[in-house]
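Shared chain: subunit A. Partners: subunit B in the first complex, subunit C in the second.
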Partner chain A sequence: MNQWMTLFKKEMLEMSRNFKWIWVPLTFIMIAVKEPLTLYYMPQIIDSLGGLPEGAVIELPVPSAGEALAASLSQFNTFGVLIIVLITMGTIAGERKSGVAGLILVKPVSYAWFVTAKWASSMILIWFSYFLSYFLSWYYVGVLFKFISFTDFLQSFFVNGIWLTLIITVVILFNTFMKSPGAVGFISIGIIVILSLLSSSLPHLLEWSPALLSAYANAFIMGSNFPDELLPSIIVSVFMITLSLLASIAIFKRRELA
Partner chain B sequence: MPVVSITNLKKRFQDQEVIKGLDFQLSEGKCIALLGANGAGKTTTLKMLAGLMKPDSGSIVFEGGEKADFRRLIGYLPQFPVFYEWMTGKEFLEYAGRLAGLPKATARNRAEELFELTGISDAKNRRIGKYSGGMKQRLGIAQAIIHRPKLVMLDEPVSALDPFGRREVLELMDKLKKETAILFSTHILNDAEEICDEILFLHNGELVESGTLAGLRTKHQQAKIDLAFKENTLQYAEELSLLQPFSSMKLDGEYASFLVEDIEYARELFLTEIMKRNLPLVKFEISRTRLEDVFMKVVQK
Partner chain C sequence: MEFIESINWAILAPIVIIQLILMAVAIIDLVKIEKANGPKWVWALVIIFINLLGPIIYFIFGRRS
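Now for the complex of A and B:
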C-alpha cells in the first residue's frame, strides 16, 4: 500500500505542478454556471445586442429552476466529457510514448497499483471539479430562479457522476492499449458517442445502458421521478467500471513497454 | 550462481530477425560490455533483459527463479532516458527509491549519497527539465542503482555525451564496479577496454565473440614488427622476408609490417641480419595488432 501512496502522491503533485487543480475546476465552472446565467439574462442579452427590429416584442418562456439546472447537467455530457477525455487521454499513453514509463516500470512496481493510482487521481480531480461546478450552478439557479432541494441536487449529482466515472475508466482502459494519446482520445470519444447515440435512439432496447444515466438525472432534476431502470443501469455501470479497470490492469501487464 | 542466464534468446520484428539465438550468463560483480555496431541488437537485448520487451523464444532466468520479481535485482538506464521534467532531481530520485521499496528515510539518504557520487549535488533542487544531457545521464545512472541492484544495465551510457561528459560518466562507472555487476552497451571498443574486463560482441543479432579482454587479445592479437629503411625499404624487406620468421608481410607506405609468431626469435633474427649487412635502418618497432582491427574485420565480413 505504501507504494500505491507513492504513485498516487506523484500524480497529485503532477496535477498541481501543471496547474490542473486550477484550470480543470475553472473550465468546469465556466461551462456549468454559464447555463443558468444565460438562461436568466437572455432577454437582457438580446436587448443589449439590439438584434431585433424596433417594436418587436420578445416573449421568452421563463425556464423553470429544474430546466436551468438540467441545462448545466447536460453541459457535463458534452463539453464536460470532452475535457475529461482531453485531460486523461495521455495519463499512461503519454508516459509510455515519452519513455518515462520504461524507467519507472523496471522498478519493482505493481502494475495494478500503477494503473489504479492513475485512475484514482483522475477520479479525484474530476469529481472535485464536477462537484464544485455543479454546486455553484445549483446555487445560482437557487438565487436566480428557485432553490431546488439539496438532496435532489445530490441524487442527480451522483447518478450523472457514475456515467462520468465510466468515461474516465474507459479512457484509462484505452490508455493501456495504445501508445498515442491522440488515438486514445479519438477512440474513447468515438465509443462514448456511439454508446450515447445508440442508447438515446433505442432507449427501449438499451434501457439499462450507462449512457442513459445522464438522461435519467436530467429528467429527475426537471421534476419527474427516476424510472425503474435506474438501479439496473447503475448496476450495469458499476459492473462495466470494475471490468474495465480489471481489463486495464491485465492488458497493461502484458504490454511491451518499449 | 550467475545473476542471470540467457538461453537461446530470439526476437523478430516483422520479417526481420533481430536477435538470432543468444546464450550467455552474467555473474555477480563483473563489468561486461555489450559491444556491437548500430543495429547489432544491443538495445533489443537489454530491453528484453529489463523486461520491457518480450522475447519470442528462449529464456531469461534471474537468480531466484522465474517466480520472483526479478526487477528488484536489476537497474536499467535506457539509451535516451526521459524523466518527469516537472520534478526536481531530488524528488525524482526519492520517488524512484520509494518505488523500489526503500523506506522514506532510506530513500532520502540514499538519494543524497548518490548525488554526491554522481557529482550533481548542486542541481538536486532544480527541475529536471533544466538539466543538461550529461546531468540527465548521471541522474539516470543514480536512479538505476538507488536500490543497490545486483546487475545494472546501461544502454549506450556515454554515446550521446561530449568528451567531458563521457569522461565523467566512465569514471562514475568505474566507481560503480565495486558495488554491482554492470552490463553496458557501446559501439566503441575503447570505452569497453577502459572499464571492463569482459565483452560480449554482438553482430547482426548473434554473439560472434565473447570473453575477457585479455583472453581475446591473446587469441586475436598478433605481434607485429614494423621496419623502415632510409631507402629501398621494399627491396630490403623482401630480402629479409626470405628469412621467414613471420606469418605475413605487408608493405604499408614507407613501412614494411611483419606479423610474427615468435616475437623474440623474429627480433633476434631481423636485428642480426640488419647488423650483419649494415642496412640503413631508421625504424624498428614492435607492436601488436589492435583489437579494434579484429572487430572491424568481423563487422565487415
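Now for the complex of A and C:
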C-alpha cells in the first residue's frame, strides 16, 4: 500500500506541475456556468445582434430552472467528455513513449498499482472539477431562475458521474495497449460516440446501456422521475468499469513483460 | 448601449475572472517552459486572441515536449 501511495503522489505532483489542477476545474466551470447564463440572457443577445426587421417580435418561452441545469449537464457530455479524453489519453501511452514508464517499471513496482494509481488520480481530478462546476452551475440556476432541491442535484450528479467514470476507465484501458496518445484519444472518442448514438437512437432496445445514464439524469433534472431501467444500467456500468479496469491491468502486464 | 447596461455585472464577473486567470496561467507557463510544441509567439497569440478556448488548447497541445 505504501508503494501505491508513492505512485499516487507522483501522479498528483505531475498534475500540479502541469497546472491541471488549475485549468481543468476552471474549464469545467466555464463550460457549465455558460449555459444558464446564455439561456437567461437569450432575449438581450438576440436584440443586440440585430438584423431583425423593425417591429419583429419574438416570443421566447422562459426556460425552466430544470432546463437550464439540464443544459449544463449536457455540456459535460459533449465538451466535458472531449476534455476528459484529451487529458487522460496520454497518461500511460505518453509515459511509455517518453520512457518514463520504463524508468518506473524497472523497479519492482506492481503493475496493478501503477495502473490503479493513474486511474485514481484522474478520477479525483475529474470528479473534483465536475462537482465544483456542476455545483456552481446549480447555484447560478438558483440565482437566475429558481433553486432546485439539493438532493435532486446530488442524484443527477452521481448518475451522470457514473457515465463519466466509465469514460475515464475506457480511456485508461486503451492506454494500456496503444503506443500513441493520439490513437488512444481517437478510438476512445469513436467508441463513446458510437455507444451514445446507438443508445439514444434505439433506447427501447438498449435500456440498460450506460450511455443512457446521462439521458436519465437529464430527464430527471427536468422534472420527470428516474425510469425503472436506472438501477440495471447503473449495475451494468459498474460491472463494465471493474471489468475494464481488470482488463487494463492484465493487458498492461502482458504488454510490458513481452 | 442599453444592452451593456442591462447586464448584471455581479453575475458575469466570475466568468470574466476565470477567463483572465486561465489566460494568465497559460502565459506564465509559456514564458517559463523551456520548449513549447511549436513557436512560442504563435502560442502567445493563440492564448491571448482565441477567446475561452485559447488557453485550453495551449494546455492540451502546446506543452508536449
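Here, the second predicted complex is superposed on the first by the 255 of 258 C-alpha atoms of A that agree within 3 Å, B and C clash if a C-alpha of one lies under 4 Å from a C-alpha of the other, contacts with A are read in each partner's own complex, and residues count from 1 in each chain.
Everything that follows uses one rule, which is that a residue touches a chain if its C-beta (ideal position, glycine included) is under 8 Å from a C-beta of that chain, and two chains touch if they have at least 3 such contacts.
These numbers come from a predicted model, not from an experiment.
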Subunit B and subunit C placed together on subunit A: clash or fit? fit
Have a look at where A:Tyr41 lands relative to subunit B and subunit C in the superposition and call it first, second, both or neither. second
So in the superposed three-chain picture, is A:Phe150 touching just subunit B, just subunit C, both, or none of them (first/second/both/neither)? neither
_Under the stated touch criterion, which partner chain does A:Phe239 make contact with: subunit B (first), subunit C (second), both, or neither?_
neither
Considering only the touch criterion stated at the top, classify A:Phe19 as touching first (subunit B), second (subunit C), both, or neither.
second
Which holds for A:Ile87: it touches subunit B only (first), subunit C only (second), both, or neither?
second
Answer with first, second, both or neither: which of subunit B and subunit C does A:Val106 touch in the superposed model?
first
> Which partner does A:Ile29 reach: the first (subunit B), the second (subunit C), both, or neither?
Replying inline: second
Could you tell me if A:Phe158 is touching subunit B, subunit C, both of them or neither one (first, second, both, neither)? neither
Apex subunit A angle, CA centroids, subunit B to subunit C, rounded to a multiple of 10 degrees, is 80
Once both structures are superposed, the least CA distance from subunit B to subunit C in Å comes to 8
Overlap of subunit B and subunit C contacts on subunit A, residues 18, 98
Subunit A residues touching subunit C in their complex are 18-20, 22-23, 26-27, 29-30, 33-34, 37, 41, 44, 47-48, 83, 86-87, 94, 98, 140, 143-144
Subunit A contacts subunit B in the complex at 2-3, 6-7, 10, 13-14, 17-18, 98-100, 102-109, 256-258
Per the touch rule above, subunit B residues touching subunit A in the complex are 47, 50-54, 69, 71-72, 74-76, 78, 80-84, 86-87, 91, 95-96, 98-101, 140, 143, 147
Within the complex, subunit A is touched by subunit C residues 3, 6-7, 11-12, 14-15, 18-19, 21-22, 25-26, 29, 52, 55-56, 59-60, 63-65
